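Please read through the structure below; I'll follow up with questions.
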Amino acid sequence: MTEFLFQLIDLFAAVLLMVAFAMISQRRILSLIHLYTFQGVVLVTATVVVAYVTGQHHLYYSAALTFVLKVVLIPFLLHRVIRKLNVRWDVEPLINVPATMLIGIVLVIFAFNLAQPIAQLSSSVARGTLGIALASVLLSFLMMITRSKAVPQVIGFLSMENGLFLAATAATYGMPMIVELGIALDVLVGILILGVFMFQIREQFDSLDIRHLEKLKED
Amino acid sequence: MNMPGFLSQLVAIVVALLLAPILTGWVNQCRAWMQNKSAPGLFQPFRLLHKLFNKESVVAEYASPLFRAAPYIVFGCMLLACAIIPALSTNLPLSPVADAIALVGLFALARVFISLAAMDVGTAFGSLGARREMLIGFLAEPALLMVFFSASLISNSTSLTTIVETLAHQELAIYPSLAFAFVAFTMVLLAENARVPVDNPATHLELTMIHEALILEYSGRHLALIEWASSLKLFAYYCVGLALFFPWGIAEAQAPMALLFALPALIFKLAIGGVLLAFLETISAKMRIFRVPEFLGTAFLLAVIGMLIHILLKA
Amino acid sequence: MDILLLILGIPLLGGVVLAFTGHRPFARDVNVVFSLGTFLAACALTVQVISEGPIFVLNKQFFIDPLNVFLVTLTAFVGLTTAIFSRPYMRVEQDHGKLTPGRMRLYHCMYQIFNFTMLLALTTNNMGILWVAMEAATLTTVLLVSLYRTAASLEAAWKYFILCGVGIAQALFGTVLLYMAAEKVISVEDGALLWTNLETVKHQLNPDIIILAFAFLFIGYGTKVGLVPMHNWLPDAHAEGPTPVSAVLSGLLLNVALYAILRCKVLTDGALDSALASQLMMGFGLLSVVTAAFFLSRQKDVKRMFAYSSIEHMGLITFAFGLGGPIAIFAGLLHMTVHSLIKSAIFFAVGHATQKAGTQIMDDINGLLKVSPTVGWGLMLGTLAILGMPPFGVFASEFLILTTAMREQPWATPFLLLALGVAFASIFSRVQPMVFGDTSVKSLPHSPALVPVFVHLGLGLMLGLYIPPYLDEWFRQAARMIGG
Amino acid sequence: MNEFFDLIAWGHLEWVLIAISVWLLIGMAGMFALRRFTLVARVLFPIGGMTGIILFGAALSSLFSDVASSIVLPVGLPQLPFHFRLDSLSSYFLMIIGAVSAGVSAFAAGYFRKGEGTPPGLLCLEYHLFLASMALVVLADDAYAFMVMWETMALSSFFLVTANHRIPEVRRAGYLYLLVAHIGAIGILLCFGVLQANTGDYTFANMRAQHLTPVWASVGFVLALFGFGAKAGILPLHIWLPEAHPAAPSPVSALMSGLMLKTAIYGVLRVSYDLLHTQIWWWGVLLLALGLTTAIFGVVFSAVQVDMKRLLAYSSIENIGLLFAGTGLSVLFSAYGMKPMAALALTATLYHVASHAFFKSLLFICTGAVLHATSERSLGKLGGLIRYMPWVAWVTLIGVLASAGLPPLGGFISEWLLLQSFLFTPGLPNSFLNMLIPVVAALIALVAALAGYTMVKFFGVIFLGQPREAKLSQAHDAGMWERIGMGWLVLGCITLGLFPVQFIQLIDPVTQRLIGAGLGQQVADGSWLLVPVAIERASYGPVIFLLGVSASFALAYLLVRWFYHGRIRHAVPWDCGFPCQNARMQDTAEGFGQPIREIFAPFFHMEKELPGPFDNKPRYRVTVSDHFWYWLYLPIAAIVERIARLIGLLQQGRISIYLLYSFLTLIAVLVVVTLR
């Protein structure tokens, strides 16, 4: 039974990685948000499973927290933002998708090589997923680099945060509760501020294309 | 200072004062002969001085005291120079006061003052003369210094008396370095004493004159002093040359009586030197002013090469 | 009620109060009062530490040791002086119609919260909380930078947020790894993330994990320190935000980020046998110094220029810590202190100058000495001080750093010589015409608050000629701690 | 005499420190009397002059009782409080600082006028801070105190240079000056970093105790040479000097040229003789080569200048070059263990330090007086001033003679000693160096002669001839305070010229301490004759020299009056009967420099503008500038500019690129740490 559960954790992790790739390839903002929500869901389930397997109760709390934050609140805010600013149109990445995918694969290999030796040292049941976590962090980083509109960049930022959460769960059954709360608070405030910004950027540049944000530079 | 020393010092000064104009006259006379001219008398310079002293001196109205002081200063410098150069005897109480380097300094002092005086009146020619005089000076001085040095390196001393004594006393030795030094010295002498080919005291041609332009504004006693000073200068240069390169016959400190033989020796050497100078002046033509730096530069280099050779050959 | 909690409580309370009253005219004074309270509490704390030594509260969640006590006092002090400075400054900005009352409220509220977060980051013993505080500091300053809501300020704020957010995220990953390494040695119950606990067992931490953790933490917090090449947010944020914010950014935030790196370095050095951490710090420090120096020579905007100078000095400090050894680390700590004092003083003076001239473009600012001698001399002396002219403290630390480097790492000294020379040439050639020469501008309605400028310069001068014994003692203990 | 010194022999260092603190107090007072001109000028500056004399006395007496006393002040870094130490070397330089500053301060009391840019009180502060920091540099006994004082000196003098900062050129000069000074200071700092040899103890005492490997010692020496050379204006770091000196107010230029440059010499001596034990022969050669190049360069440039203060500035470069050459020679000798020769060369150097300090500051304040009387700095617009300001003119003449290295004044003696020491060099074991020596001696002689040329130009064009401008006839002579200052400095020049024997007794303790040999005993025998080695070898008696010249002067005068007459008639100058004379027909400064320009053409970067044969408004213009600008400084500036542009490309405003930087850095660091 637990054997099966362990495999389940790894499966969820794999799904997360897949979602990360999907985000890189995804062009429509709306479906990006859906993917983000889905990522959140997977993350929550994975956490719950880990919590169940290892009986770490505080993991349930953080799972609940994650659920509220990343499955309900943030997607809702994002939806509002893009509805207000009606930017659900496509964005063309700075680097074309196949190239990004290739780089992404390289990154994944790199991340695995980096994480394996350490993961062995972990006492966690989900140690295998550390590499995946690192990989998805790097992938979201890549996504932020390639996207040229504000909203996808923010989503990349958020999914990077997801990767970090996964890493925390995988490596150490999550951070201490107080830290978890702090992180959650920061993320929430951050997304609020970003939302506000997007409105102001919109009214300043009447577009959310961050390629307008290139005035400040060395000339 | 001891009595014979005082005596020889006094003799040296008086001899210098008397012989210097005669030397000038002698050189002019020889030159005149060589150029088939009728020569002035040997004592012509004294007559000239007497005449000038008698004249009242005309001074430019806005000339400063410097202008009137300069002739005396120059005269003083030259007299001191003659007093410290061992021409007759090495027993000169004043000699330690200034060694070879100081002697050069002394000449420089005189030159600076005469040039300043020339600039003082503020005429075109005056400042022109001053510039050319300083131009010659800054090239001739180091050359002269180098000449002294190559002698000093031999005698390990810059004090003229010691140089003379060492050079006079050792058994006859050939010094290639001194040969170079001698050539250099001759060139410097020509330049410093306003001789052809560097300068021609006999003309007031604007393009050529150097020394004459300096003293253009002087007249009367001032001019006389300057003339006397310049013949003293010539005399001093001769004595230096003789002391460095032909030091024989100069009386020693120990033998005061030798003065009696030293004087004829000196006169004899001076006479020959005068002839040579006149000869040089006759055979060579006046060169353009801009060639003078090259001329003196050559002298400078020769002197330096002389020192180098001394160090190379230790001789 | 513990003083330490008081220090944290006062600014938090201030933030809450000003969140409601920040738009009122008296809010400026309230702001000053709260900052003053914080500062007084910090002084009391300092006295307590001098008498009793290190302190722990809330079962070791918060602590004060020689490494952070002087930073806490410094933060509170600069916070106070900046508040004093911003009274007339922000008033003028408001008169110029650059700010609405609402923005003033935001400014005052965020200013207090920002102080709170920095003090929290300094005093917490928990590496996780440290991270949280750093992130919160980023968020508050993002709001402050974007205060003017101009296109430029928005752009600066956006870049600041994204770059530092991503950086901080790396730091979180590092923290996770640190935690992972820690929980093998320390049981989770008694605080596996408490720095003091980690410090006691640092030799048992697994080097493979720790070095990886340090890599992430260094990149993460290094982004906030403004190390090249993660520095790109810094000049924009400094140039576009209000001047008081630039002052606290340069003077305090960078220090706090560097403080975080130092805490991590101590653990890493303990766990590792090699000096990899030190080499990393030296490399990035040197890179920052040289690059920033060359950036300096092309600047037109005065605040931007001094922002680059901050990068340069942070690089120098990082290099000093990487250099190691009691003298270099002492010098680094001293440099942190003096740099934040002098640099904030410069920003004060620059603020008044730019308000007078109505521009930040240096070519349009001339003859400050004529229009207002105090501002002029403040700027001139401050610049000379930051350029390492004695007898100011910056020179003292640079003296120690360079002389040590000359024998420890001779290869680095040519770069330092080059960088310092170029920096001097660049900055001074710009500042001199600003201060000297003739001008036609007239002075402002509100008299500038120049007390802070000269108090800071005075302190900087003092630290160059006389370092109080207890401060010296703290520096030495901290140096011993960091040097391992 | 000596019992008087014994009377106040207690606590020389205390006296010195008291004097310095009085200077600081005066500065503070100036701060409080910011705009009260009369108080500052007529009270504070004279008191400063008095203090200078006190300092002079204290240093002098400490020279006689040669015991090094030291003190530690409770300021500075925690483990490194300020150490101050008064040994013979420092007291020698202190003596000069005190003496010269006394004269300059007295002059300044009459010099500063109302309403000149910076308020007088501030000037007073900067001025006395400058003096105090110079004195403390010489006193400092640890690296930190030294550096602090060194930079304070640079800073205060910078503010003095930019006293009149309304003028852009002045600002530019000040900027250049401070930049070079700062970079040089970093060099010195690194030198101390080498000398402390990882002990972390920066006191000079510790540095003396260290024994460095030749490599490290050489590194330290070269760094010191770089740093102090930048301050002294040694080639190619000299460019700031001819800019800063003219820009500064004249008393300040006097202090900078007369005293501040000497602190650099002090630094070189301190490092290469005191802090480093053994010298290496090529150090000497390096110093010698640099010094001579600088000397020739300086004198040639000063000969063609048309601005009187620039001319003096370049002549300072020349003298600094001579000083470095002398130092180099002594280092060379002591490297080969020939102590007496080293002592001779060092004595010559130190003598020149003193005489240059006096005559150069004298000349600078004279230009100050001229500047005030005529408000003209360009030689082309001056002339004939000896009639309107005879006092200044005669004073200047003495300075000029001293500076031209003519007997019987100070400048000659140092050159004489230097040449004497050159005549010793055949004793050197290294034959290659022996070959070098004649050339070097020749160059020194050349420099001296050219200095004469320059000085004749300087004096003649300013004071002699006819005034080139009508307004010059309104020029007024110097005031009382200015005369006092000049008189004091003239006194110094003459004393140095006439009493070398007595003065060398003051240098003796220094050379004894640094080298372990001295001329004191040797010289003391001939009281009126200066006999460095032996009477047979060389001797020089300035007093008798002067007496001889003046005696024959007087003799000639009297005899002429006696036998002939003293009649004199004033008329218009004859000038070969040229009818229409005017002042424009005199040689201009350019004209006077022309031969030098022709002979040393390769030295100059010349831009000529010659008139064509047919243009009816013929115009002749030639501007002479420094090759080093075009060979060294402009290229460096261009390179920095290019690098800056390249680095600027890093930051093009695109956030994705910035993220990419962070990303790549992260990857790189991760790779590094995993590959460790």
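Per-chain numbering from 1; labels A, B, C and D assigned in written order.
The rule is short, and it goes like this: a contact is a pair of C-beta atoms (placed from the backbone, for glycine too) under 8 Å apart; a residue touches a chain by one contact, two chains touch by 3 or more.
This one's a predicted model, so the numbers in the text were calculated from it and none came from an experiment.
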| item | value |
| --- | --- |
| Shared interface partners, meaning chains that touch subunit C and subunit D | A |
| Contact pairs, highest-scoring chain pair | B-D |
| Per Cα centroids, the chain farthest from subunit C | B |
| Approximate Å spacing (C-alpha centroids) for the pair subunit A, subunit C | 31 |
| Centre-to-centre distance between subunit D and subunit A (centres being mean Cα positions), rounded to whole Å | 70 |
| Euclidean distance of C-alpha centroids - subunit A vs subunit B, Å | 101 |
| Centre distance in Å when subunit B and subunit D are each reduced to the mean of their C-alpha atoms | 36 |
| Residues of subunit B touching at least two other chains | none |
| Multi-chain contact residues (two or more partners), subunit C | 158-159, 162, 166, 212, 235, 295, 298 |
| Residues of subunit D whose C-beta touches two or more other chains | 648, 650-651, 655, 659, 666, 670, 674 |
| Chain pairs in mutual contact under the definition given at the outset | A-C, A-D, B-D, C-D |
| Footprint of subunit D on subunit B - complex, ascending | 53-54, 56-64, 66, 68, 72-73, 75-77, 79-80, 83, 94, 96-99, 101-102, 105-106, 108-109, 111-112, 115-116, 119-128, 130-132, 134-135, 137-139, 141-142, 145-146, 149, 152-153, 156-159, 162, 204, 206, 216-217, 220-221, 225, 290, 293, 300, 303-304, 307-308, 311-312 |
| In the complex, subunit A residues that touch subunit C | 114, 117-118, 121-123, 134, 137, 141, 144, 150, 153, 157, 160-161, 164, 167-168, 171-172, 175-176, 178-179, 182-183, 185-186, 189-190, 193-194, 197, 200-201, 204-205, 210, 213-216, 218 |
| Subunit D contact footprint on subunit C (complex, rising order) | 158-159, 162-163, 166-167, 170, 211-212, 214-216, 218-219, 223, 229-230, 232-233, 235, 274, 276, 280, 291, 294-295, 297-298, 325-327, 369, 384, 387-391, 395-396, 399-400, 402-408, 413, 417, 420-422, 424-425, 428-429, 432-433, 436-438, 464-467, 469, 472 |
| Touching residues on subunit D, where the partner in the complex is subunit B | 383-384, 386-387, 390, 393, 397, 401, 404-407, 412, 416, 419-420, 423, 426, 434-435, 437-439, 441-442, 445-446, 448-450, 452-453, 455-457, 459-461, 464-466, 529, 535-541, 544-545, 548-553, 556-557, 560, 563-565, 567-576, 578, 581, 583, 585-587, 591-592, 594-595, 598-599 |
| Subunit D residues within the subunit A interface of the complex | 648-656, 659-660, 663, 666-667, 670, 674 |
